[in-house]
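One chain, chain A, appears in both complexes that follow, with chain B as partner in the first and chain C in the second.
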Partner chain A sequence: MTALPIKYIIKRIVIFIAVFFGALTLNFMLPRLMPGNPAEIVYEDLLRDSGGDINISFLHQLEAEYGISNNKPIWIQFFSYLNDLFHGNLGISIAFFPVPVSTILYEALPWTLFLVISSITISFFIGNRLGRYAGLNRNHAGDLIIDLFSMFMAAFPAFVLAFLMLDIFSVYGKLFPVGGAFAVGVNMGLNVPFIVSTLYHAVLPVATITLTSLGGWVLGMRNNIIPNVNSDYIGFSQNLGLKDYQVKRIAYRNALLPNLTGFSMSIGLSVSGVIIEESIFSYPGVGMYMITAIDDLDYPLLQGIFLMVIIAVLVGNLIVDILLGILDPRIKQEGD
Partner chain B sequence: MTPESNRRAIKLNVNDDALKETRVDGISAIFSSLKKMFAPVHILTENGKSKFGLILLLAMVAFAVVGIFYTPYAPNAYLFKKSMPPSYNHLLGTTGYGQDVFSQLLAGAAPTLMIGFSVGILGTLISVFVGVVSGFASKKVNEIINGIVNVFLVIPGVLLIMLFGAYFLGLKQNMGYLPTVIILISTGWAFGARTFRSVTLSVSKRDYILSSILIGERKLSIIFRQIIKSIMPVIVSNFFFTAMYGTMGLTFVEYLGVGNLQQVNWGTMLYWAINNEAYLVGEWWWILPPAILISVLMFAFILLNFGLDEIANPALKVFKKKKKVIERA
Partner chain C sequence: MSTILEIRNLNVGYEGENGTTKIINNFNLKIEEGVIFGIAGESGSGKSTLAQAIYNSLRYPGIIESGEVIFDGKDILKLSKRELRRIRAVDTTFIPQAAMNALNPVKRIGDQFNDVFEAHGEDIEESQSRIQSVLNMVRLSPEVLHSYPHELSGGMRQRTVIAMALVLSPKLVILDEPTTGLDVLVEHDILRDIKRIQRQKGFTMLVITHDLSILYQISDWIAMVYAGEITEYGKREDMLNSPLHPYNYLLLKSLPRIGAERYDGIKLIGAPSNYSETNKGCQFITRCPFSKNECQITHPELEAGYGNDHYYRCVRTPDWKP
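Take a look at the complex of A and B:
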């Protein structure tokens, strides 16, 4: 393997920081762009629920949490927002008052990452293999079946599939648990029952996300490998006397590179998908909190989740880009 | 045969063709002009997959048009016994609220399709504009545009919809169709812009564009007369992709309950079915029809997008020709 493409990596990191600040600014601007004052509505609701038992200072606190107190100039607000962020202060959750948003995210994030990483990896692997088969056996029955199946899976609404899976396998079939990340009464930690229970509970969510994200890989790989199979270097390697499986492997590897770019693009999409699935499978990840946050108008939590997802997507993109730079010498040249 | 006579034969042939052209009567003139008008549609029938997709899509459109003018019962009225299974009077049974599912499906088709199409058209227009401009712009402008596109690429559209939807809920309002469409467009254009930029860059380097520049044709005219024309299959393919994104986004918005739930479309139908746990009590006729129709619509978009890619991407086409040559040899 060649040396690290330093210049290319530095360029990617600079772009990463620029986009990161763009996203921060967007996250800062969103609540300030919205018309009206949601804090007042939440305050009135709380006032009604508690029978007038709430101090008016709570309203000001809410406004500060929502980021809509307009008594300071906008740039000072922006700097205090940035300052809070770099100290890990994302505000106090309203639905889980008085737990800080950062604590909730800290607890929920590992579960979401576990789901995202395992399902993306599985669907990337299976999808590319299926796509390779379809591309190499083009215009055969197998190709058509794989193509149509993956198109239909990509077309089916993900949350309906999740409900159907839950219905068939958990409610009627009683094969898998209805919700949760591990069984009640199992101690968290590195012990065998916990790991087994976690994997068992993850089967349905991971299978659903894998099924819905499979199509993109299959079709991408199929369309990438076809021109590769027809290119001159494949004919050359055949003439050199390489075996059939070796030639196919070369074509497959070359076709994998554009799909890796797609991998970085799909991280955002799959995170959104995972969030929906988590709420359906009552999986204690970010998604379940997100639904609660929408129901309870918990804006600090919502914005914390939004920011965190953007950061996760950006970091994922950065890692894939750097990997691509190492794997593909053409990209390295482009960066220089 | 001497070269002289050969040339004469060609000349005669040309004259014959010209004569045939002049003998076109009125009806075929109308036909040929119609053919020109629907040239992009004609492309779609070249490929088996896109042909199938087009048929599915046209069937959906027909279904929606019928739904605008006629439904067996009022789609949103609670007229009947609750949760009746399908029967002759109610082709797809009734909902848990006593509404007729088939009428709702008919009435909900038009808004669902309209949102998909409007997101597709407007999103594609923005991405074509941004992509073609950055394909022609100077390096500095290009980098700025690229940066903006990159920011929009990483924003997860579904999350942004949730965030906005929650704000609308906070104002005791429901997100109507207009905000939904605007958010879907603003999160859905970036991917296409990236594609169009690279396509424009590769087209604008070709010799015939250079010769147009040398002749002195204006940039605008080159863009509209030549570049847009030559990347048309990519544009149409991107339209279907963005329309798919729009439809998917709508179902997400409605599923989360942040849209206007009184409006009848396939997304709200799913919302009510899921929130009444139709899947648990076995009322499949309530949840499956909208889910299947949404997936058939998306399936049509994917087929069209995929088929057009096969048409537009020369690398995928070359295979066939090569294979033919091999078979002949």
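Take a look at the complex of A and C:
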């Protein structure tokens, strides 16, 4: 038996590639199924502004510029889309014309990933610890407090919490900045003032996302660990006189597996799920651009953002699939 | 022979909405060192409750109301959690019902053995030879140590559980339905091995079962339990050849025997007591075909049958005997 289940990992990667292509095809099809196109909107605006003094050929020019001219068969469009994609060419943004979509994503994505990964990781660890405590001390005072808090936080709308945080800590408390990812005048790069400023600006958004996602982990962990505590193997380990920490470790380890699956899902989904937090805290992540893209019918940018979300979800899944294969020996067997 | 386990006036019940339902009533039993003692009863007779109470591992809503379980001179029911943990697997051990699910699914068998050593302060390196010898005893190859539980068959998992419970050489082994869920051949093999190991190592064994064939196959001593009470107990031969309680008698008659003529006499009918109604007379009265008025009036006590080794609880013995 090897430490790494190679066969299982290869199988997961093959599935990853297949799903990725499926998602790319959908991503390609969706804008083309919608009525109208951004070139027509720009053209009509110009037409109205200029009082009808614009040639129809300008529309075709715009369409060609945006890569949405319909004079080629759909499968050729698909292949040129794929070809562009693998050369890193995601088209030109319409809202930020003529900035390439890849440039926007290159600037925005790291901020979103930073926000998402740090807050989800923090809430995953704190949530699982709290859930473990609650599940192992079921019906004690601590459990009841944790449960109430978790249910409250899980039901609390993220945008309300974001506004509250902003109001209390920034507007009135003046403890944290109201927006941005780092202070004006700080040079981007690996220097202490930049890192400090980045962390300082991230406190409120990270705290908001952490708090709103915490409840799910706590309740999930608690619900997983309770049946585990009553399981036959916990009973037997107590019969063998195992120490308390050993017994708890067995219960926790078995209860952690379902939550790990949830972890991958939330990493992926959160890339699109923090839109509200990003716009409230004016954080320059993908979510903020997504709102602009929707407002301006910026298809290339939307497509690019969707692509990022797809990649995030799939990579998240792949990582956790592999992790589960290592942590839960039963999974890799059925994959062989 | 000295007594290794003595149960005195044990009362166990389950807490419910309408107060506690008593399951075990004033239970008394002495078990001598080095024997295999079988306790048998129908489903719902309280035998698993009894086993857990003896091991002090009964969980809520099960409640031990009173009584003593003297093992090795100490009352197990009065030990602190810490003392209890220390004697487990070292002095006494418990092999549970559904032992097939008793192993941690995400850990290799070898590491689970090491957990037991770690818990009891044994050096893991020095203890590896003990694993080898105990695996040898249950006829498992050392390769299982590198396996996860799901990679083993039900019988192998059962043997692993037995090995794990015996690795620190306890003096008293309690088995609660040790072969539930195994097919008859595997069951037979495992029971034969258990008995061989017991004879080799000389520990005392308390086997709880509902299977009369298992009971008579391996036990030296047998106790029949009905509604949380012993109806009859004694040495295997006495119990098998000349039962003095109607319950034991009818149970034995229910066993088909190859070559024997078909039994068409009185049969055991009805369902076991559901503990909801208590009567002051004999607990078995609702199902006893031999009962008379006197059975309703007095609760029978255990009376000596054959010598000092045999007791039964019936006021109509030997009149009822056909």
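Operating definition for what follows: the second predicted complex is superposed on the first by the 309 of 336 C-alpha atoms of A that agree within 3 Å, B and C clash if a C-alpha of one lies under 4 Å from a C-alpha of the other, contacts with A are read in each partner's own complex, and residues count from 1 in each chain.
Everything that follows uses one rule, which is that a contact is a pair of C-beta atoms (placed from the backbone, for glycine too) under 8 Å apart; a residue touches a chain by one contact, two chains touch by 3 or more.
Nothing here was measured: the structure is a model prediction, and the numbers come from that model.
More residues of chain A are in touch with B than with the other of chain B and chain C.
In the superposed model, A:Ala155 makes contact with chain B only, not with chain C. By the touch criterion stated above, A:Asn89 is placed in contact with neither chain B nor chain C.
In the superposition on chain A, contact of A:Phe306 is made with chain B only, not with chain C.
Residue contacts after overlaying the shared chain place A:Gln238 against chain C, while chain B stays out of touching range. Once the two complexes are laid over each other on the shared chain, residue contacts for A:Leu164 go to chain B alone; chain C is not touched.
When the shared chain is aligned, chain B comes close enough to touch A:Leu297, but chain C does not. Remark: chain C residues 55, 57, 84-90, 93-94, 96, 98-99, 101-107, 115-116, 118-120, 146, 148, 150-151, 161, 164-165 touch chain A in the complex.
Residue ranges of chain A in contact with chain C, taken from their complex: 1, 231-233, 235-243, 246, 250, 253-254, 257, 327-330, 333.
By the touch criterion given at the top, residues 15, 18-19, 22-23, 26, 30-31, 34-36, 38, 41-42, 138, 147, 151-152, 154-157, 159-160, 163-164, 166-167, 171, 215, 219, 223, 226-227, 229-230, 265, 268-269, 271-273, 275-276, 290-291, 293-294, 297, 299, 302-303, 305-306, 309-310, 313-314, 317 of chain A touch chain B in their complex. The touching residues of chain B, counted against chain A in their complex, run 49, 147, 150-151, 153-160, 162-167, 169-172, 191, 244, 248, 251-252, 255-256, 258, 270, 274, 279-280, 287, 291, 294-299, 301-303, 306, 309-310, 313, 315-316, 318-319, 322.
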